[in-house]
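Sharing a structure, written as structure tokens. Questions coming.
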Amino acid sequence: MSARGPIEYRDAAPDVRAVFDDIKRTRQVDDVNNFWKYLARDPRTLERTWHSVKEIMAPGALDALTKEMVYLAVSATNGCAYCIASHGAAARKAGMSEAMFGELMAVVGMANKTNRLANGYRVPIDPAFET
Amino acid sequence: MSARGPIEYRDAAPDVRAVFDDIKRTRQVDDVNNFWKYLARDPRTLERTWHSVKEIMAPGALDALTKEMVYLAVSATNGCAYCIASHGAAARKAGMSEAMFGELMAVVGMANKTNRLANGYRVPIDPAFET
Amino acid sequence: MSARGPIEYRDAAPDVRAVFDDIKRTRQVDDVNNFWKYLARDPRTLERTWHSVKEIMAPGALDALTKEMVYLAVSATNGCAYCIASHGAAARKAGMSEAMFGELMAVVGMANKTNRLANGYRVPIDPAFET
Amino acid sequence: MSARGPIEYRDAAPDVRAVFDDIKRTRQVDDVNNFWKYLARDPRTLERTWHSVKEIMAPGALDALTKEMVYLAVSATNGCAYCIASHGAAARKAGMSEAMFGELMAVVGMANKTNRLANGYRVPIDPAFET
Amino acid sequence: MSARGPIEYRDAAPDVRAVFDDIKRTRQVDDVNNFWKYLARDPRTLERTWHSVKEIMAPGALDALTKEMVYLAVSATNGCAYCIASHGAAARKAGMSEAMFGELMAVVGMANKTNRLANGYRVPIDPAFET
Amino acid sequence: MSARGPIEYRDAAPDVRAVFDDIKRTRQVDDVNNFWKYLARDPRTLERTWHSVKEIMAPGALDALTKEMVYLAVSATNGCAYCIASHGAAARKAGMSEAMFGELMAVVGMANKTNRLANGYRVPIDPAFET
């Protein structure tokens, strides 16, 4: 096992295993994905990140599908290949259809375009938006 | 009227006025906001951008509120102050409650965090995400 | 004079004055702009940055106007308000017309859009681009 | 054909084929590149994006080569691997020499550097840039 | 008190006050800064963010000053004006001298430059970095 | 040798060889890494970049390890895969332990998160940060 590679369950210390177990139980999966296995190299970051993700991504005022699509939108904006793959898969699992994906990407593309037009044209904020 | 400032309706050429009229009709507002007045310096960009925005932001497989929240998520990620203000206002108008805004920002913050953790730990994409 | 504010010519040490003089001579201006006055707090960064900028922005295989427009395109993409203002002014001084500005921003907007579409759709690089 | 993979011409619906035909005719190529084949999963996004790209990238106040170099500059800034490859190839086809590429990258690198220096030093915009 | 503005201590619910008290005690300050007052609109995000920040920014394998300088480096890269101001102040309080600030910014500028040169030149990762 | 690939020492012109020799001497390595071999296609950019890197990364008010960790933090924020690999290796060589790496990434993740929370909540800068 390379010191910089993933930590597999069989090699994990008890605190890491406890987090892996909670991820598997919460998501009803047989194994955690690579992101968690790499974070496991720093058990405190693993634990803190998982607890935040678990709380933030749970359904609340926004449903789980909307949250996954927002996650995907941010990841596509930042160009994070891993996160686009993992949250794309999570969004589809949560019910994102091909039509929804197409519209999501259309909004992401347009927002990235108009963000730069607003920058380049140096558009001042309308007073109406401040009230 | 400065050549680099906004184009007001009273100073606008017919092609610009036609776009302004369509924006006002579609959104049922009395005046267009600054973004469109600045884009009006380049009538082709104004027309192209408005027609795309009009089509993309209309309800479809995703409802208008979800689309506005995604737009806000991208704008917060990119740090576009104008777009955060304008699409924040639009999302509230479309029904975003304070609780929904709080959860939206929590997802945006978390996605921006884990995007960098995935980068820094150089996490390879799980084969399961490719199928 | 605040330790964190700009360094004016009258307060500058000889090494900073030498750089300020070279900027004024090269650009034929009466005073350097704020960027240089702030960098002057670290004379080595001031000197290194100016010498690189002077060499890079001089006409070569690309003319000065094209270089200023590329600088503006990058600054609009990154959302750097100072750089958008300063390089917008520099590009106009170098000959950028309103029509050229409009087309420049249209390309910048479109590139920022399709960059994210390529990310989100996970488009693999065509073999033809590698040869 | 995977639902998430590219749409080839032989499998495409008539509206998608019409766009593919126009791309091939306009660019005088035998096949469209992967970007368009992936966008074809959402025919409306394909059509809207192609029509905008076709109009924006046509020679106008700026020539086609300058536009391709600006596209490449934005793509390198955003780190979009696909777009760097595709617009690098397009820029070379439009006449970008190795010397031009070298100077372009030098400007892109410098702009990305000074954008952050301006941010970090919190440089206020010179009044002279506002007039 | 606007629903979208800051929550002051006197208007805060008990759970928000508890976090504010812990921030004031930990940092030995009389009042929390605006960031926390705005986050207080969503008490769960306030609590989660503060607990993570408190744990992450405490001295460990890296000292507090190094951590504040890294925070400032990221904020300058992203162009977050608020965070540049707040973490610049925090870094100075933790001992960052003007000379250290100058060198920090020089590294941030250079990294942002070479990140784009590596992108634009499409440099493949050396096998030696993988071992 | 492809015109767009790396320049190896044996194929390099004298000015490029001089830079390669200085890199090897300064870093006490047998060969330069790919970044320099690709930049060598533009000898002026190679020379300018190396001289700046050599000066900026030398120990000063900040030690070499801190500078490499800041470089890595910026590269992870920007998602530059090459730079994450090369500066990760350089930071480890300079003494970054696994615990230090874990804390560095935790700060980078948190900064990227709170940068967006500050954007999204539109937090105004505290007057106290301006003095």
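A few notes on this one:
Note that the chains are named A, B, C, D, E and F in the order they appear, and that numbering of residues resets to 1 at the start of each chain.
In this section, contacts are C-beta pairs under 8 Å (C-beta built on N, C-alpha and C of every residue); 3 or more make two chains touch, one makes a residue touch a chain.
Quantities reported herein were computed from a predicted structural model and do not represent experimental measurements.
Any chain bridging chain A and chain E, meaning touching each of them, is among B, C, D, F; the list is complete.
Ranking every chain by how far its Cα centroid lies from the centroid of chain F, the top place goes to B. Of all residue numbers that take part in the contact between chain B and chain C, under half occur on both sides, making this a different-residue interface. Ranked by how far their CA centres sit from the centre of chain D, the chains are topped by E.
Of the two chain pairs examined here, D-E and A-D, the one linked by more C-beta pairs in contact is D-E. A straight line joining the Cα centres of chain C and chain F is 21 Å long. The centroid of the Cα atoms in chain D and the matching centroid in chain F are 27 Å apart. Residue positions 41, 44-45, 48-49, 52, 56, 77-81, 85, 88, 99, 102-106, 108-110, 112-115, 117, 119, 121-122 of chain B each touch two or more of the other chains. Taken as a graph of touching chains, this assembly is fully connected, with contact between every pair of chains.
In the complex of the two chains, the chain B residues touching chain D come out as 44, 48, 52, 55-56. On the side of chain B, the complex with chain E involves touching residues 79, 98-99, 101-103, 105-106, 109. Those residues of chain F lying in contact with chain D across their complex are 3, 41-42, 44-45, 48-49, 78-80. Those residues of chain D lying in contact with chain E across their complex are 72, 76-77, 79, 81, 84-85, 88, 104-105, 108-110, 112-117, 119-122.
Against chain A, in their complex, chain B makes its touches with residues 33-35, 38-39, 41, 45, 49, 52-53, 56-57, 60-62, 66-67, 69-71, 73-75, 77-78, 80-83, 85-89, 97, 99-100, 102-104, 106-108, 110-115, 117-119, 121-126, 128-130.
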